[in-house]
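Following this line, the structures themselves.
Each of the next two complexes has chain A plus one other chain: chain B in the first, chain C in the second.
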Partner chain A sequence: MEYNVNRRDVDFILKEQMHYEKLLELPAFKDYSLEMFDMVLDQALKFAQQEVAPINASSDKEGCQFDGKNVKAPKGFKELYQKFAENGFIGSDVPTTYGGQGLPFSVVMPMSEFFSGSSVAFMMYPGLTRGAAHLIETFASEELKNIYVQKMYSGQWGGTMGLTEPQAGSSVGDIKTIAEPQADGSYKIKGGKIFISSGDHDLTENIIHLVLARIPGDPEASTKGISLFVVPKIRVNKDGTLGEPNDVRTVNIEHKMGIKGSATCTLAFGDNDNCIGYLVGNRMAGMKQMFQMMNEARLLCGMQGLSIAGAAYESALAYAKVRVQGQGKTIVEWPDVRRMLMVQKATVEGLRALLYMTAFYEDMGKYHPDAEKREYYEGFADLLTPMCKSYGSDQGFRVTELAMQTYGGYGYISEYPVEQYMRDVKISSLYEGTNGIQALDLLGRKLSLRGGQVVQQFYQMIDEFVTANQNTPVLKNELSEFKKALDSVAQTAMSFMEMTGRGDFNYPMLSATNFLNMFSGVVIGYFLMEQAVIAQKN
Partner chain B sequence: MKIAVLLKQVPDTETKIRVKGDASGIESDGIKYIISPYDEFAIEEAIKTKEKSAPSEVIAVSLGPVRVVDAIRTALAMGADKGIHIDDCGLAMDSFVTAKVLANALKNENFDLIFTGKQAIDDDASQVSQMVAEFLNVPQLMLAEKFELGADKKSATIERSVGGGTKEVYTVEFPAVIGAEKGLNTPRYASLPGIMKAKTKPVTTLKASDLVGETKPKTTNVNFRLPPERAAGKVLQGEPEQLAQQLVKLLREEAKVI
Partner chain C sequence: MEYNVNRRDVDFILKEQMHYEKLLELPAFKDYSLEMFDMVLDQALKFAQQEVAPINASSDKEGCQFDGKNVKAPKGFKELYQKFAENGFIGSDVPTTYGGQGLPFSVVMPMSEFFSGSSVAFMMYPGLTRGAAHLIETFASEELKNIYVQKMYSGQWGGTMGLTEPQAGSSVGDIKTIAEPQADGSYKIKGGKIFISSGDHDLTENIIHLVLARIPGDPEASTKGISLFVVPKIRVNKDGTLGEPNDVRTVNIEHKMGIKGSATCTLAFGDNDNCIGYLVGNRMAGMKQMFQMMNEARLLCGMQGLSIAGAAYESALAYAKVRVQGQGKTIVEWPDVRRMLMVQKATVEGLRALLYMTAFYEDMGKYHPDAEKREYYEGFADLLTPMCKSYGSDQGFRVTELAMQTYGGYGYISEYPVEQYMRDVKISSLYEGTNGIQALDLLGRKLSLRGGQVVQQFYQMIDEFVTANQNTPVLKNELSEFKKALDSVAQTAMSFMEMTGRGDFNYPMLSATNFLNMFSGVVIGYFLMEQAVIAQKN
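For the complex of A and B:
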């Protein structure tokens, strides 16, 4: 499967909208240069196109195999995983301490777009490894860090995130897996997890599960009582060599609509009371720790939506330019086809700006030397994250639908790539917190961040943009329309806050998703209009 | 061992080439540059050879404006050790002058091996490597599909195709110039750690004006133009018999192929 991306748009956002040179002023990135960022992106795109994209279609057809004991990933994944790791891509955005590369998240986002657009199923494996390793790196003891982290970033061991259980999907607090303290300070894990991505496979010699479980006696039926554990598939000796199997059994793998190359596993921990786990950080801090990693994971999930939408749009565009129907015209010449392509283009470019800029706020929020600036940008990143996740995945899916419509009947046929794109992208709205949960997060947590100050500051930034450019000849009308939309988001937010303030949650909860969509549309409108202003000046 | 790689930066094959208004060259605006793909094979072979013959070093050499330093940096990120950028100083260059300048830069460096691409994909001239060898008075072997370092590390066995499936096998003593053909190897990517490391590797700058001496170009480009656009095809209509007649007529009278 060929992968194409509009590199000009990528560069336009980085260079002219984000001004990625600002990242170099942050002490965290002082060892980098713009030439290096560009080289990183060139190499990542080349790798995506030449190494990752070619296995996308075949892995979809082949899927994962389970023989009752072990899971086999599709052909080519093992070699690709090693190559991917050797190039330093697994830990590209994490600190260099344990083998990460310390790149800004703003540069990792486009890399991630190229990789996920080339094969989102393959990317699940390094993605989960990165997430698990980074959790250990951030919260675990020195001893655990030294044993696990480097081997995960280097591709020797894989990683997973084990939250979900049959009765505990969105409500993670309902998990039943328990962790019984042992005399030596370790824990015996017992319970079952379902839907665990990369839960078993043959890409790496060991798999390190990060498992949420409850220590008996800690609060039940609430996320407050949950702790986080490192549970290796094969036990690791003190010197880092592999020991005995750790009583982790793969029960089954799921058969599913898309990302068929990604193994989704049911895992049983401690069938024989012999599954050892190690507490990460503090007891009962499991959810809090997971949440600290949530922004990046959710942005990357929204990125899956954008990346596949981008690939689907490029594919539909290329097809529309060669398919001839009626009066010897290529279909791109027909107005209705142009309409579909324009909607796809606008959506893809708008999502790209939203996701890249949110990554930029994330970097600034984390690394800006000035505490006040950190707070300002971190607020924006927090506010926009549920929109990135939710709007990115939902609109990403809608774009693949339009891409299929652009193809006509051929789009429905497996020889062409869009039907796979459509199936593959759907998952992004479901996992990593369903989009419904994202909407509640925006409404319940994000609007009230710092007493509503964050959303006010964000409103103010956009409002200032409107004021500064309202006399721009070509945008005059659009901006005055846009201003109305912006203000209606602000008014809706205010009335929701007022309702929840007097204890009326029903209506706001009913409207949460609509509100998220409305807000996201306005944010994207802002980024696109800012682009128009920049383009006009050049 | 001391190994040089000669690199040329060329427009990306995806770039839409536009000819300048006065037909004196191509518009450089908006062009994305890459390392000429055959030169990537050369870099890979140089690095592989270095890995087999430690202690060795690989020096990436490129002639051109400042932008070609990007190509050198990429080679360094792939694993080359040093770079030499020869600033073209805006001089008029053909293959002959280019080769002369490169040879003069390499002359006193005592390289054991010089890897190049068999040709650059922009002008496809395939002349510079051979002339560099000539000016340095060392043997050259172009179109290398296989390169095997000798046990003595002072020679190599090289294979190349000569058409019809026949292979030629040569042994060559160093110093030598080797021109890489597609298939010689699979070039590695510049890895993220490699890109970080490349930053601290030295790149020396030389000036073509100091190296060119009395050499003047032997050829000049008179004019650039794009190939004519392909005309639209013709659709014939009618009964099979008439169609055949029409087709034969067109092939004879318009296409003049029968």
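For the complex of A and C:
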């Protein structure tokens, strides 16, 4: 399967909209240069196209195999994983302490787009490993860090996140997995987890599970009582060598609509009361810690939407340019096909700006030397995260629908890539908190960030853009329509906050998804119009 | 896989909105009674639930097998096909002359909904057979009719439609298949067809292909020169017994995203110059004849959208009522889930009304004793057909998307039915003329039917409904908003007709799909509000 991306648009956002040279002014990235960023992006794209994309279709056909004991990933994944790790791609954006590359997230976001666009199923393995390792790196004791983190970033061991249980999906607080304290400071883990991506596979010699569990006596039926544990598949000796198996059993793998190359496992911990785990950081801090990972994962979900949408669009465009139908014309000449392609293009470029700019806000929010600026940008990243996740995944799916329609009947058959894209991208709307959960997050948590100041500052930034450019000849009408939409979002947000203020939650909750879509549409409109202004100036 | 349908809503439309007792006043249906209609519907639903639905999931997993020579349909299809035929379901709505049941299309439409909702893949086989047989019945010579039609309705022989060729999809006029006249009045067929549903299988002892081809000398690169031929897989002697194989070779089957139980074949006719076909009706009338089948097929595409949407909705609703998440609540209690279910419900019920009422217009247009009434209703059916096809399939897909979202992560795995529904329903947007083609049909042909009179009469019917009910308390606001939408459709249609009148086709063609969606939304809104008025009165 070929993978193509509009590199010109990628560069346009990074260099002319985001101005990613600003990142070099941050102490964290002082050792980098624009040339190095460019080089890393080139290298990532080349790797995506030459190494990852070629096994995307075959891994979908083959899927994962489970023999009742062990899971085998599709052919080629093991070798690819090692090459991927050797290139330093697993820990691209984490500190260099344990073997990360320390790149800004703003640069890693396009890299991730290239990789996921080439095979979202494959990318689940390094993605989960990075997330799990980074949790240990951020919250665990020095001892745990020294044992686990470097081996995970280097590709020697894999990682997973164990949250979901059959009765606890959206309501993580209802988990029943137990961690019984042992005399030596470790814990005995007992319970079952489902939907564990990369839960078992043959890519690495060991797999490190990060498992949410409750220590007996801690609050039940609430996220408050949850703690986080490192649970290796094979026990690790103090010197880092492998010991005995750790009573972690793979019960089953799911048969799914898409991302078939990604092993989604049901795991049983402690069937024989012999599963040892180690507490990460503070007791009962599990949910808070997990949220670091979940926030990152939500941005990556949106990025999956963008990446597959981009790949699907490029593929539909290439097809439309060569497929001849009617009057000897290529179909790209037919107005309805042009319409479909233009909607795809605008959506992809809008989502790309949304995702990249959110990554930029993340970087600024984390690394800016000025605390006030950090707060300002961190707020924007927090505000936009549920939009990235939800709008990115839903609109990404919508783009694959239009791409398939561009192909006509050929889009439905496996000979062409778009039906796989459609199946693969759908998962992003469902996992890491369904899109309905994201909408509640936007409404319930994000609008009220710093007492509503964050959304106010974000509104102000856009409003200033409108004022500054309202006389731009080509955008005059668009901006005046846009201003109405912007104000309508602001008014809706205000009225929701009034309602919830007087205890009326039903209507806002009923409208949360529509509100998220409305807000996201305005945000994307803003980024696209900013691009138009920039393009016109140059 | 379980199949459920809201039988109350089906009856509500038939009995309180359509008033299908009016059909009994038509001479064509004078031998029927409402009790008989009800009985047939009961029988069809029971058959769908007990016989068809149980093999839907397994047929998806198994798919069709091709050994290089012959195609094998999924396990159970052969036996099911015979049972289906024995019940008289293949020719439910065709005249009784050759074994049809002579039921009104208005009754067969809900039957088809039940069947397709239970397995759209299985229904491809009897559906194509019926379509092919009915073409022969309508246009062919007595001799051909006598040989073929009854054996097809009775389930002894299957049927297919051979239109598409690799270079001729949306542009059927570009076909290259040739029919060379022979001394005995038959033709030698030579050419290749792709995407032939039910093109080969093991359900019946023979398969009768209806093939579009060009007689040498007839106009090229246009639909004008195309003729229609009966081409049996195995030759048939004058007495109806089977003869020699007819040089029809199955080249391949497609691997598709969905409807995997339906064999989509590439066929080669006359590899050895020995494929005999028989002209159906007049030379160069092929396209016109095929249009009868295509119009029926387009309505059935919309019905597929409805049927799978209905099945997906019922399944999501049942799940939401038992799945507990958060605060011990079933998820149906959460506002965002209610919103998703309500949108699904409204879409399904709106599509159902659109499809059923279009079937009713078809019946009235065909069988009303008054020629003026026939013209009136036929116009409505013609006008609504592209909306049924395009809006029905696209919105049907959209409903499966919401149904999957209702399930959360479980929606993505094959243990639950909705991921198959989503994959299966997508085909309806692509085949039988892509939805883009439907939009052009609405704009280019249907708006100008009888010089614009048809759309004018349709507008008038809705406008009268609005006027008559504008003071209904509960619908007052809705109707006033609706009236604006209705007039906006009318104005848009008018402005398009002005543009095309002065030779400006680009903008209307660019907007055709959006216009179809806008118009369809208004039509569905009309049917739903009519239901509201009826429900309020009772």
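Here is the rule we go by: the second predicted complex is superposed on the first by the 538 of 538 C-alpha atoms of A that agree within 3 Å, B and C clash if a C-alpha of one lies under 4 Å from a C-alpha of the other, contacts with A are read in each partner's own complex, and residues count from 1 in each chain.
In the analysis below, a residue touches a chain if its C-beta (ideal position, glycine included) is under 8 Å from a C-beta of that chain, and two chains touch if they have at least 3 such contacts.
All of these numbers come straight from a predicted model, not from anything done at the bench.
Contact with chain C, but none with chain B, is seen for A:Tyr412 once the two complexes are overlaid on the shared chain.
Legend: residue contacts after superposition of the two complexes on their common chain; A:Gln325 is shown touching chain C, with no touch to chain B. Once chain A of one complex is fitted onto chain A of the other, the partner contacts of A:Gly396 are absent, as it touches neither chain B nor chain C.
Applying the stated contact rule after C-alpha superposition, one finds that A:Met509 touches chain C and leaves chain B untouched. Of the two partners chain B and chain C, it is C that touches the larger number of chain A residues.
In the superposition on chain A, A:Asn435 contacts chain C only, with no contact to chain B. Legend: residue contacts after superposition of the two complexes on their common chain; A:Gly76 is shown touching neither chain B nor chain C. Comparing the two complexes, no residue of chain A contacts chain B in one case and chain C in the other. Partner chain A is touched in their complex by these residues of chain C: 164, 167-171, 173-174, 195, 254-258, 264, 324-327, 334-340, 397, 401, 404-405, 408-409, 411-415, 419, 422-423, 426-427, 429-431, 434-436, 439-440, 506, 509-514. Interface residues of chain A facing chain B in the complex, by the touch rule stated above, are 31, 33, 35-36, 38-40, 42-43, 46-47, 86-89, 92, 101, 103.
Within the complex, the chain B residues that touch chain A are 70, 73-74, 77, 189-196, 199.
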